[in-house]
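The following pair of complexes shares a single chain, subunit A, combined with subunit B in the former and subunit C in the latter.
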Partner chain A sequence: MSALTLIARDELWLMRRSRVSVIAAALLIVLVVIAGITSVAHQSNVADTRARLQAQVDEEFDNQPSRHPHRMVHFGHFIFRPLPPLAAFDPGIDAFTGNAMFLEGHRQNSANFGDVRQSSILVRFGQLTPAFVLQTLAPLLIIFLGYGAVARERGAGTLRQLFMQGVSAGTLIAGKLLALATVAALIAIPAMSVLIFVAAQPGAAAGPIALTAAGYLTYLALWSIIVVLVSASVARPRNALLALLGLWSVTVILLPRIAPDLAATAVPQPTRLETDLTLQRELRAMGDSHNPDDPVFAAFKQRVLRQYGVRRVEDLPVNYKGLLAVEGERMTSELFDRYASEGFARQARQSATMDAIGTLSPAVAMRRLSMAAAGTDLAGHARFLDQAEAYRYDLVQRLNRLQADAVSFEDDAAKSSDTAAEQRSRIDPHHWHAMPDFHFAPPEPGDLVRRASPAAVMLLLWLLVPALLLAPAARRLEGVRS
Partner chain B sequence: MTYHEPSGLPLLIANLVVDYGAHRVLNGLDLSIRPGEIYALLGGNGAGKSTTLAAIMGFVPPASGEVRVCGVAPGSAPVQARRAIAYLPENVALYEHLTARENIQYFLGISSERRTNAEIEAAFNAAGLQEDAFNRRVAGFSKGMRQKVAIALALLRHVPLVLLDEPTSGLDPRATQDFNRLLGGLRERGSAVLMVTHDLLSAADTADRIGFLDAGRIVQESVAEGPDRYDVRALHRHFARPVAA
Partner chain C sequence: MIAFKNEWLLFRRSRLGLVMILLLAALAIASVVAGLVEVDRQRAAIERIHPLQKQDVSAIANWVTKTGTAGDAAYFTFHETWDPPSRLAFAALGMRDVSPYLLRVRALGLESQLYDSENYNPELALPGRFDYAFVLVYLAPLFVIALFHDLISGEREAGRLRMLEATPGAGRRLWVRRIGLRYLLLVASLALPLVAGGIVAGAHLQGIAAMVGLTAAYMAFWVLVAWLIGRLNIGSAASAASMAAAWLLLTLVLPALAHVAITRAVPVNQGVELSLAHRDAVHGAWDIPQEKTMAEFFRYHPEWSDTPPTDGTFHWKWYLAFHHVADRSVAPQAQSYRQGLLERDELTRWVGAVLPAVGVQAAFTRLAGTDIQAQLTYQDRIRAYHTRLRTFYYPYLFNDRPFTEADFAKAPVFAPG
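So, the complex of A and B:
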């Protein structure tokens, strides 16, 4: 057996002899397994619920009786965001952002019903997901099992005796690293099994899953290297433990928590209330379609009359009220879109700030990679909101067009005073069936990989730093006095 | 390794200077040992004996001067130099979680030297370790027992240079006698031995040369001559009152 494998084997043997180490490692592996099982179960549960609710509301919409089309605009429609397959591994911000939307005319609603708002306070402590266990707890285990790898031998004096057997510090460090990497691999096995399970699900794509797997393996390797590096660089095991715990608390606990706050401070986002107030103000300034003297809508009326070559709205071949509804929706949606894209631009700038903070912490880089590849990050949420809005606009405008084409102006104008006219202004329910259903178009796998790659590059750079520091650390170690 | 070069003496130290910060510990040390020669290095506490050994092993860089182990400079090629050295430290460090035998097997495995179980047991016996201790964890061993395990390891490494830092300090008189016999075995094998000791009698019994280290250099050297080998009284006088440089 070579010196390297001998050193690795002895280190592993020592870990196995320590009851604390064995229990800690077993506990973590069990945690990964439990996290994997509950997360997969939760995800399929959520997917079933959302699919069932979606079918239910689709049916309710289709089964509406004869109604005036504008009543349907306000009856509205519910849509649910289907979870991507990798959400079983890393649900990302799904629990916080909400995943159901009520769509109606004249307004853009935000997504609602995130798990966090619905369930007990416990969820706020962080869900037990494989991503959480690997990102947060696995480094802690690697630290506890590895901090003494080299420092312990230095403190005990066996390091010098080892070197006197003609082993190089490089071989020694490689042996210790091999032992720690073996433990990391043991943690990775259940996690990779979850990923393989996810890969077998319908709709799962190989690219993002492979990137996720590579990312977590890199992350675990990175921590193994950091731990051995620190252990080889300090004189006492206790100092190695303190230094590593400090590094862990700052990079794994502190920075990911304060990164969003720092980003929010750097790029302030107005509150929902502030946005609503200014939006209402702009809406009022936009004009009032019910006021015959309103300049904006008076101009619109002139344009329509000219287009159809008639003098009065009553002479139009279509229902002017319907045209008015189409135009009103177009104008308000334009305004909403502007607000939404301003909001997204700010969020994109916040994300860029988070990326910058990510350079300070491999855990932040890992988190961004994991969520981006899973499609459960902010971009994934934005994609849902975009498609929801496109669907809402299309649905509302179809209903408005129905009002213009299928309801006569006379009936529409008289419907509040004349019950016969009101009856005639209702249109047949087969129109509701004809409305398209919402189908979320998931992002292309290549798109997910592309979004995750900046974080992947950052993680690789992180791997490079301690890896490059290993050689000088070995050189110093070879000449240590004790 | 170039054992047969003229400069390939097991140990060659020329005009060695070693500083610990501003403190000069070795100041122009000259010391060479031939194959099969036993050299006893004596000196007061803090004279720089252990530092000399550390410099030979490449754990302390020389400020100036030369150290060669079989022609190799331990400062620039520590791994290569260390392969030619067996070392018995002043404070023996062993793996507490391993038995005596496992410790030996592990260290020999690291140096890629193969020894049979019989050879290992023979070395334990030669070092005077009682048989019931071979397969016991060293965690319960006394200082002398640890010393014997480390001596066995030094014996099992067939190397040109053996460094011993106070090898008899934890040994009872019988074990000390046994140990002195072992040195004879090393001499016959052709290994050069550098032994740091405070035990003048043992040194006089076993060493081919005895050097006194003071103020960072060898201030006096005696060579064994005739049937009485040394004038022990004179040595003792010297040892008790080393000259100031």
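So, the complex of A and C:
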């Protein structure tokens, strides 16, 4: 047996003999298991609830009685954001966004009923998920188990003995690292089993899951190296522990909190109401549908009359009010889309700023990789909102065209004052059946991997820095000999 | 006094201690400044809305007054409500980053307007904000660890402990002085920036005093933990590791476990169910006889029951009536939704009674008016205002009175708390 494995075995034996170490490691493993079980249960529960609600509202939509199509435009449709399979491992921002969205004509509603507004302050303490345990708690355990690995030998004077027996400082550090990495791998086993379980679920793709697994193993290896490096660089175990605790507090607790504040200040976000008011103002500037002499709508009318070759709207073969609804929706949606893409761009800039500040912390890169691969990041939410808007627009315009084609202009004009006309303006419910249901198109696995890649590169760079510092640290340690 | 001064001289000589105190003070100052900036930003956002809102209403008034149809005014005019941050909000921003403090409502069904979300970046909300409460709850205990982990064991390792304990009386006084000094420095480095922030924000003395009291009590708890662990006689490094483990359990692991338990114990799906039921009630009104809706409405507003009946064609008074009837029909769900949120909050308070980190955070957000209770109070104000708003329009609709330019200015104005 080589000196390296002997040292590693010795270190592991010492850890196993220390009751505190064993309890700490066991506690963490229990935590990962609890987090895994509750997260998987929560994910499937939420996914079931949303799927059930979606089926329920789809059926309700289809079962609406005879109605004027514009009534259906405002009856609208509810859609529920589905939860990707990897959310069982890292739910990311799921709790921080609304998950039920009401879609109707000429309005863009918010996604409502997010957990963050329904969960008291506790949700802000962090959610117990495998991702949280690995990102936040596991480094602390590695610190507890490893801070004394080299510093202890140095403090107790056993370092000199080892060197005299011909063990090089490099072998010593490598042995200690091997021991610590073994424990880190042990912690990772339950978390990796959750990933394997997720991989067996329908809709799960291998690429993002493999990247997630590789990312977390890199992250744990990184912390093992940092711990051994610091332990080899200071004279006393206590100093190693304090330095490591300091490093952990700053990179895992403090920086992730400061970064969003700085990002929010750098790229201010207007309130929903302010956006709404400026949007309304711009909408009025585009044309006023309440004003019969409005130039924009007058021009539209002329265009329609010319197209059909008639003189009056009453002579059109289709219902002019329906055409007007189609045109109005097109105009407002154009504006919505512009505001929405501005909003997305602004939030993406905020997140990029946050990530840039986060380069100082491997935990931020880890979180980014994990959420991006799971599809539970801002981009994943934006994808849902994009598809929701596309579906909303399509649904509303189908209904508006029904108004143009299936409701006569006379009935439509008289429906407010004539009950018989009102009855005739209601169209048969089979039209509602013909409307497509909302189906969220999940992102391509390759897309998720591509989005998670920059963070993966960042993590590898992070790994490189302490790894390259190991050799100089070993040389300095050799110097202690004399 | 001289002994205390000597203790201070001794403390000043250990660079680690001094650096720690200054660092904590710097973090506290930064968090207070960040909180004040955020609160100012929220106030400015509210201020910016008023003129925009005026323009919006006058643009609607422009065309509505041409016909004077009161229903058009009621349907198209949104009315602003706002929830200004309290003077203490800077210390604990709480939920104000994820729930709206500005909301416009119409005289139509409130239950489909009340739960709208704010626009915010969820990736920024996920880690939480950097405010004073965060520095106190999460970071300050770590400074206790740095300052206290070798207080006893350091003396033991230097071989002075036996001597100190052999001196009757003096030993105890020494510990009181030594711990007292460090404790006071910790509390001062936190509380002074907090008090300064409170003065800048113009907060009430009582509120600031309560927050300072909480700060002192929370720090005392951690110093006590440090002292107890220090008595265990396990060496400096093991003490530090044990304190860090205690911190990990009390501020991260147990609150997260409690969150899982509470979420499972009190499910709140009523929000979505309420929205679906409300939509059915509103749109179902078009398919039932108008008299039925009106009869139901007159049960809530008998003062209008003598007005002429509707004739089956569209009338705005019927339109507003069925919106109100829809609100009433989902009142039980709204109540149980609210009840569910309060129940979760109540359970959190129980958790806070056991876990100091949760208790302090809950108390801070309560004092700052940034917790779920404050959210529900804002919703209550919106409800009360919405009632004034509806009943403001009813006389025009039920008495067939035209709605003029001057009437737009008569609409009730929201009164924030």
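Just so it is clear, the second predicted complex is superposed on the first by the 478 of 482 C-alpha atoms of A that agree within 3 Å, B and C clash if a C-alpha of one lies under 4 Å from a C-alpha of the other, contacts with A are read in each partner's own complex, and residues count from 1 in each chain.
FYI, a residue touches a chain if its C-beta (ideal position, glycine included) is under 8 Å from a C-beta of that chain, and two chains touch if they have at least 3 such contacts.
Not measured: the values here are computed from a predicted model.
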item	value
Clash or fit, subunit B versus subunit C on superposed subunit A	fit
Touched partner set for A:F78, first subunit B, second subunit C, both or neither	second
First, second, both or neither for A:A235, with subunit B first and subunit C second	neither
Contacts of A:S168 with subunit B and subunit C, given as first, second, both or neither	first
Partner chain(s) touched by A:R17 [first = subunit B, second = subunit C, both, neither]	first
More subunit A residues in contact - subunit B or subunit C	C
Which superposed partner A:I7 touches (first subunit B, second subunit C, both, neither)	first
Which of subunit B and subunit C A:E478 touches, first, second, both or neither	first
Which superposed partner A:G157 touches (first subunit B, second subunit C, both, neither)	first
After fitting on chain A: smallest Cα gap, subunit B-subunit C, Å	15
Common ground on subunit A, meaning residues reached by subunit C in one complex and by subunit B in the other	none
In the complex with subunit B, residue positions of subunit A that touch it	1-3, 6-7, 10, 14, 17, 156-158, 160-168, 478-481
Subunit B residues touching subunit A - in the complex, by the definition given at the top	54, 57-61, 78-80, 82-83, 85-87, 89, 91, 93-97, 106-112, 150, 157
Subunit C residues within the subunit A interface of the complex	16, 27, 34, 37-38, 41, 45, 48-49, 52-53, 55-56, 59, 63, 80, 94-95, 98-104, 112, 115-130, 134, 138-139, 142, 145-146, 149-150, 236-238, 240-242, 244-245, 248, 251-253, 255-260, 262-263, 268-269, 271-272, 275-276, 279-280, 283, 286-287, 312-314, 340-341, 344-345, 347-348, 351, 357-358, 361-362, 365, 371-372, 375
Contact footprint of subunit C on subunit A as seen in their complex	20, 24, 31, 34, 38, 42, 49, 53, 56-57, 60, 64-65, 67, 71, 74-76, 78, 92-93, 96-98, 100, 102, 109-128, 132, 136-137, 140, 144, 147-148, 237-238, 241-242, 245-246, 249, 253-254, 256-261, 263-265, 268-278, 280-281, 284, 288, 290-291, 343, 347, 350-351, 354, 371, 377-378, 381, 415-419, 422
